[in-house]
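Take a look at these structures.
There are two complexes below, and they share chain A, which is joined by chain B in the first and by chain C in the second.
Coming up: the complex of A and B.
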């Protein structure tokens, strides 16, 4: 059945190219932009993949860079670790032009990485990925007691928190006093 | 490492949205920052607890009970004023100097904050203890009302049940119930002699009353107009005096209603049997004190309106029956527009 169809299309050269071929070779050449994180490693990413990030998408549309300008001016994201930015770039590439699935199981399992990823994704305004990440954090909270949650995420109790605050105030007070004394000393 | 408490607001809102209500309440207990955040977050960002029923009751002189159920389980919490503790499953919490009324109302407020889907039943029950000035529950109804007001959102429930000694609480609480979801109203009187009277005028003007399909009222209703009950499919109420004319207007309304099922009415005095015979023709009677009438309903071959008056029991009912349940010798009167 399918071989007959192929035969027919090849026998008619006047026919326009079939849909899958046109998707593989778009008429407008894709533009690329460059981003780097804290580690200064530059990633080349297509505008299509970057569409996931509302922040970058907005920057691209406002700047109207040529290919050369884009290459010469990579977007600097100094607040994002290199490995985290790599994760984000990979995700955007994987989901370029595709509808996002309801679940994403490839997110980091380590909470440190997950949290850094959440902050980066929130900053870059990648809505779908943020949703997956938040779902994953919610799953990590699920069914735990307040004590367990405090332990996992190293959150102090209110009493500990207050004690630490008092301690910090005391220290700040002492330092200020020290500085005043030093300043007074200098003045002399 | 970034801590969970350092997450931006949008992220925290998302996380809360994906958690269930129990996890949100757990997060609330983790630390002050979470507690403040969750207390301030807009209700629309909180997950739906999907309860089916919530019940808030004064159980005895010193105890309040709050129970709720979801698809899988039911839960109850007791608030005891004797030793000032809260008891939930096996956990007993000493409430110290905190007033149990305030704790119970706050807990109810949290349950309602999380409830977005429509409850099957919302049941509020005050007891006579609350009427006494020295009772710890004296201010309970007013405090519950203040909380409902603060909630700033109508409670969605199919059935609203209010049990009280004080009939004025019906009009005070009814406006907090979402009229669009409401199907059934139950007002129970704590006066077991059934002597507390209630003027229905104001209540019958509410959207909650107009939208309900079922009414069960244990108070003795005054001034209940037939046009105020004709939209109900099922009605149960008591009154002081009824007249043959009143019963005839009820008959005229319900005989035309395609959704009418049952009316049950208790009275204090009725002595117009003769007038009724003049209006409806002779009654069929098997027992001396019970008079039966049968009327074919409008546009229906199947549905027969049965009216039974029990003079000894001081009650009467209208219901819909089929041809086969009509006793031998009884006449079914044809539908008559007049």
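Coming up: the complex of A and C.
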């Protein structure tokens, strides 16, 4: 839990990003949880918004945190860049308690970030957002020629694949030989 | 250059773009934001080919497999084909998805095309066209209620060979068999016999068959499960066919070789013979055998176009000799259509008089037809014979 403690101490927990309050707030006070990414910036997110993420929802259900405990121990997602986590949190807040529309206009537009976003969304198990992201990925090659598709999606040719496979085998062989030699040295 | 000049230049480019427009979603006539970006991208690439290579890269193959497959599932049919052609690995990935089965049709209007259609969505057709073109491009068109999406691809100088390879590739990726093929070249017959000897629909174009042996191969090695169409053949030797054709529905042009035994010994339900050499006496034999009931038990419709030197009444007498048909002036419940195959229902001509012959099992055979004088002498006889059951 050291990373969580570092996250809360270094990343200004006093100013977490919050979901916009709706005019017709529910009578029961909403509980909030805290998450942070690689940049340790803590985001305050309502339980309703976090329900989109099967992973976080499962963590909340299993841990049974009180709000104080949750504030003291933000969920750490060290493998997700801060700006990507921000996008995800924003999307979850925008879609809190709403049915997801067939065409989502709130998707992050920066296509350069799409790969990291897809990985993060897949990791956090946000099914609807993953569906939208996958559609975006497919849209990248709409109307493109084969060579453009190859370039955009970085698809290697058969020759490149074969060369990479040979290289990987060579490397694996060398590593295995190194391990054998090291084991022999230890035995002596 | 003034700003107005620049604006004019871009307006002209946009005009050109409109003409060159390679893909417009005509299915719903909505011009999406993505279409605008795509066209702009095309415009930039046409104008600045070197400096306009796509900047955004997405390492698709580095995605977790399930996510990667979900991305691929969002591609449309033509995009899946293009993707699967990129490399062996891409093809393997595309094959991992259980695509909805496709109706695959090879060749139409004599063009090296592959038409693809989902049976659940027949209003949308994807067409891969392997005509010689400079570069691959897309085009869409709205024909009545049907949307056709074309992918024009460059062939390697032999469109038929490319067609075969592409068909094999598509069948493998989509795990769907070929549903229909139009043979425009003899090599396609050898190929389809090896690749998929059972096929629902087979059409052989005019003058493709030039040897008796090829015709024998078709009847021996191919199984046509729905409808077989044979257009005119050009063989140096006269065809002599002794074994009946086991395909359920057959339409044969230049059918001089299709004899009475072939009709009587076959199990065909639809037989359509054009430029036949059958005589009124032959037709009488066929009708008698049908009435006896031992043969032609599956027959639903027989159509014969032949020539005769007999006049109307003499010809009718010859055809109905010892059959004593009843002449009917009204429809009396006879179906007005015949199902030639699963896709094609043929509307029968409206006739004033129909001659009915009945069989002991209650089936009726209605004979109707017309005569036409030929300039070269003689008369053309066009006969339709429909088998049906009178509802009580």
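Heads up, the rule we're going with is that the second predicted complex is superposed on the first by the 131 of 188 C-alpha atoms of A that agree within 3 Å, B and C clash if a C-alpha of one lies under 4 Å from a C-alpha of the other, contacts with A are read in each partner's own complex, and residues count from 1 in each chain.
Criterion: a residue touches a chain if its C-beta (ideal position, glycine included) is under 8 Å from a C-beta of that chain, and two chains touch if they have at least 3 such contacts.
Being a predicted model, the structure only gives us computed values, none of them experimental.
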item	value
Chain B versus chain C as contact partner of A:141, first or second or both or neither	both
Partner chain in contact with A:116 - chain B first, chain C second, else both or neither	first
Contacts of A:153 with chain B and chain C, given as first, second, both or neither	both
Chain B versus chain C as contact partner of A:63, first or second or both or neither	neither
Residues of chain A that lie at the interface with chain B and also at the interface with chain C	111-112, 115, 118-119, 122, 130-131, 134-135, 137-139, 141-146, 149-150, 153-158, 161
Residues of chain C defined as touching chain A within the complex	22-23, 34, 38, 42, 53-54, 56-64, 66-67, 70-75, 79, 82-83, 85-90, 135-138
Residue ranges of chain B touching chain A (in the complex, touch as defined)	1-5, 7-8, 10-11, 14-20, 23, 26-27, 29-32
Chain A - residues contacting chain C, complex	111-112, 114-115, 118-119, 122, 130-131, 134-135, 137-146, 148-158, 161
Of chain A, residues touching chain B in the complex	111-112, 115-116, 118-119, 122, 130-131, 134-135, 137-139, 141-146, 149-150, 153-158, 161
